[in-house]
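Two complexes are shown next, each including chain A; its partner changes from chain B in the first to chain C in the second.
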Partner chain A sequence: MQGLLTVYGENMSKFQQYILNKVFWFLFAFLIALIANFILPRLIPGNPVDAIIGQMSSGGGVSGEALEKVYAAYIAEFGLDKPLGEQFLTYIGRIAQGDLGVSFARSPARVQELIAEALPWTIALQLPAILIGWTLGNLLGVLAAYKKGWLDRALFPTFMFTSSMPYYCLSILLLYFLAVYLRIFPAGGGYSYAVSPGFNWTFITSALEHYFLPFVSLVIIFVGGQALGMRAMSIYELDADYVRFSRSLGVGDNRIIFYIFRNAMLPQVTGLALAIGSLVSGALITEIVFGYPGVGTLLFRSIRQSDYPVIQGITLFIMIAVLLANFFVDIAYGYIDPRIRARTAGER
Partner chain B sequence: MTADLNLQKPSAGARVWATSLWHSLQSVFSPRFMFGFVLMLLLLAFGFLGPVIFNRDDPMEFVGLLYDPPSEEAWLGTDNFGHDVFTQLMYGTRTSIVIGLIAGSVATVIGILIGTVAGFQGGMVEEILMALTNIVITIPSIVILILLSIAFKTRSIVGMGVIIGVTAWPWTARAVRAQTSSLRTREHVDVARLSGTRTLSLIIWEIIPYMLSYIVMAFVLQLNSGILQEAALSMLGLGIDRGVSLGIMLQWALLWESVRTGAWWAFIPPTLFLTLIAFSLLLLQSSIDEIFNPRLRRS
Partner chain C sequence: MIVKNVKAYYVTRSGPEVKAVDDVSFSIRDGEVFGIVGESGCGKSTLAAVMSLTAGRMLKIKSGEMTLDSHTVALSGPIKVPKDWHGKLVALLPQQSMNSLNPTARMRNFIVDVVRAHHPLMHPDEAVRQARERLEQLALPVRVLDSYPHQLSGGMRQRVVAVISTLLNPKLLIADEPTSALDVSSQRQLIQLIQQLLERGFITRTVYITHDLPMLRNIAHRIAVMYAGKVVEVGTTEEIIEQPTHPYTQALIASTLDLDPQLRGRQIEGISGAPPDLRYPPSGCRFHPRCSRALEICSREEPPILGEEGRLVACWWVQEQSGKGYREVEQ
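Presenting the complex of A and B:
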């Protein structure tokens, strides 16, 4: 009993070490990301406020006095007159409070409000597309690998083509053929301009109509990539000793497919987690193509308007999501992957 | 003196270089490779020789008005500025491929450098280099690309290539490190080390030749993703600020609503060419992969 407990305790501490190690690297990567996010936009010749003021004055309609006021307000708001170290600390302090600053172009709207407005659209578009594409892709992949023959010969080149196709190219072609040429679907936006967002039937049908094309274009691309990965993994597993051994023992086909599926799934699960992590950044351009009111469109507009706070807010947001997904994958691997479990348990 | 001696020494590395060359020659017989290869050649010829053959020397020349449909003058019509789309397509293909080549080369060179040094030296050096690699891998490259691009006031072709390359190397570095640390313990490396070969030539002649196939594959993948990253950045409004690339063509076509107004000649050609480039490179990569990984070959 005593011995068992100490072994258990040692195991825990090794596993805790593994987790601590991962937490440390997560925080370190996060710090680097924060620094990059802070420093890089400040390398712009002059300063961002100059750029935005230049734009405002060239647009006319703003008097010189008002401009000066705006300038002073922006400089104070961003603390651009203070030393860099102090600016960085202010920056971190604000982020810790969930404040990403004021948008240049749509002042006085705060950046986090703009992102919060756009984010539900992006999530509603991407999350179902990722989940459905992932499931479909894995099933088709393992099927193509196991059945071989005509199914594989038909599916493999198709998947090769759709997964090699840049996702935005497919979006553009779908938009043109189905929405402009055949006029089956609306040609962009998140909902018809004739309806106003609300929880009513006309709005929901309009939103669904506009939802279909970007959704399908994302699913097609995702299915292709997943199926190729799963097919390759399954072919590799089909050749593995345990499959030959099971076959020679007379184990049934379905059971072998299940074994293969389970073993080939591990990297695919990672893929799913990482895809969910890059949910925000994964379809930026699809949104632009369809004029879908998500984060991609917001980013596009902000780049055109040199709205640096919003650009920075979005990049920060994307980084946090991706880093968190990576972190959780690492932790989950510690539990799932027998090799890591064995190493942390000191069996190897 | 030592250099002379080295030359006379029958190097196993040189033999392996030759063998891998022979292997890649053999791969010519795979139809998939042939298809990808010929497609790539055609695209290259179109981009690099096209302007000479068709005698178009200025993609920025105004030949018509906004979205003129295809005609005898302008085979693929005009874009939103009145430029000839056909001419733009040739120069755009060239620019996109050049940016991809620069990005791919930068990424591959950095990746090999970090990967071999980490894998060969081991210990503390390896720990630090791989920690760096893992961090750069986790930070999404599109974010760094966006931040870098807005930090530069002017963005040239070379600049774009380098920016994309410096965010893309970690994958190559990881693969190269894994290969290096397994190759390091091979006998021929020990023999070379014992005969007093210096670390650098050890890496060049005894390590790199043995993983040439991986490096070529990684380069093709990097080239592909470089071209696509450039297009994506351009469509976000962060492309090169002078000249034309396939991504720039798409950016203007989208911004000036060519899709919704039905001016297909403005957006179909760049879309198609980006897809063809990506498809041919993927075919090349996967056929090379099959040659060096017999397990993937299906009868």
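Presenting the complex of A and C:
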């Protein structure tokens, strides 16, 4: 018993070392990403203040001298006259305080407010779509592999088709047929302009109506990819020796399907975690095509307006989410597959 | 236990079937280790799949019947094997233990699944208790119950697979080249384990399939020699090793390395030619193209089965040497 305990203790410390190692890499990747996040938007050609001034002057009625003063004021306000190093330090300092700065284009709105406004829409659209698509896809994949026959012959080409079709084609087709041609669903937006957001029945039904098309388009795409992966993995597992051996000992079909499902699921879990990680970015194309008021739309608009603080804020969010998802996949994988756990704990 | 007229052909997508096992019959006595030996592709593993009732979809069983302790089951056609046969009457000890266990299940969980498949009402703890008791009886470490397959050495894994296979005390254990991937000391331990299982009555009889004739000599009571899907000779281990009568058996023994100091200097003789394509087996005796003693009739007609119960040989040449007192038997 004593021996067993010490062995267990050693493994634990090795596992802790492993986690510590992962945390270190996580922080390192975070720092690199932070720097990239600061520099990349500044490489976009064009100065955002130029864009603002351009809009002003096109309206007319403002003299050149006044414009110059406004220009200087904006540059000073956003700190663009300072050297790059100082700008970076200010940026880091503000992030530490949870302040992502002021939007250039929608000043004086703060970036965190804009993101907080858009994020619930994105999460409400994507999280259910990913979870339902993942579950449905994996179940259909195992079923197609196990039942074979007509079910497989029907499902396999369908999934092949949906998963290889460019997403914008699918969403535009859905939009055209169901919203424009048949007029069953509204063509865009998160809710009808006739209602104002609030916790009341008219708003909820309106939001659900607008929700349906983008949701379905995401689920269709996700199911296809997941089912294809799961089907291939399950077919591989079905041929494994342990399936034959278990059958030869009379172990029931349900138990064997459970073995197959669990073993075939491992790579799929990675896919799920990464999908959830990149969820924050919003399904950019979905939100643009369906005019959905999520993070994707916000990002797209900010890029067009050279709105650095908003772009940086969103990419910061995406970055943290993807890094966290990767981190948790690394840890979770070890719990699902004992072989990986053994390797990470240094047993072999 | 009797196996009768087993014909099992592999279906190919185009062209003729592969006649992997063609009209094989034999009987096995209680408490016996019955060895089946032959080179690669002679149909031994196919025979194992047929007997263990695990034939795949591509394997078509044309005919055959297995009688096991007053139960008789037709192997051909849509097999209606009582579910209970798997593991309880017939159990398989497969070729590669590395892959024959679910990599993400602990031994105890797999054992619970196996036992509960036959005793659905048994409490999981009771199943584990029985397995622990069995491991103790066989002097194997009980800690394996909490292990995953990858945590066990190859030899230990194969011994554990043998214990799990025989947990339900099957009447027939089919060991299909169980030692082919093991080092010699693990081979020895596995053989001793199988002998122990027989002595303690956990299994009633064993079919031991291998290409390794010297190894079979250490464990088998009787041996059947297979060539190209047919049994060519059956006899006790001493008879097969010391007085082989079929030309193939003789050639097989002549081509085997032997560490016996007296025989060490002997020249090893190979068997010329290659095993036949079983889609187009040779006419008459399937060994005749490679046989140094082939007669003119061998290529025309199937050889007669000579000898008596328990000591059989299928050969024209042996019949010609009838001075040896062989007579044809009716099957």
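Heads up, the rule we're going with is that the second predicted complex is superposed on the first by the 299 of 348 C-alpha atoms of A that agree within 3 Å, B and C clash if a C-alpha of one lies under 4 Å from a C-alpha of the other, contacts with A are read in each partner's own complex, and residues count from 1 in each chain.
Keep in mind that, in the parts below, a contact is a pair of C-beta atoms (placed from the backbone, for glycine too) under 8 Å apart; a residue touches a chain by one contact, two chains touch by 3 or more.
All figures in this text were calculated on a predicted structure; none of them were measured in a lab.
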Partner chain in contact with A:182 - chain B first, chain C second, else both or neither: neither
Which superposed partner A:240 touches (first chain B, second chain C, both, neither): second
Which superposed partner A:96 touches (first chain B, second chain C, both, neither): neither
Partner, of chain C and chain B, that touches more residues belonging to chain A: B
Partner chain in contact with A:248 - chain B first, chain C second, else both or neither: second
Touching partner for A:259 - first (chain B), second (chain C), both, neither: second
Footprint of chain B on chain A - complex, ascending: 25, 28-29, 32-33, 36-37, 40-41, 43-45, 148, 152, 160-161, 163-166, 168-169, 172-173, 175-176, 180-181, 187-188, 232, 235-236, 239, 278, 281, 284-285, 288-289, 299-300, 303-304, 308, 311-312, 315, 318-319, 322-323, 326
Parts of chain C lying in touch with chain A, wherever the complex brings them together: 52-54, 83-88, 91-92, 94-96, 99-105, 110, 113-114, 117-118, 148, 150-151, 161, 164-165, 168
Partner chain C, residues of chain A touching it in the complex: 240-242, 244-252, 255, 259, 262-263, 336-339, 342, 347-348
Complex interface listing, chain B residues touching chain A: 131, 134-135, 138-140, 142-144, 146-148, 150-153, 228, 231-232, 235-238, 250, 254, 259-260, 262, 264, 267-268, 271-272, 274-275, 278-279, 281-283, 286, 295-296, 298
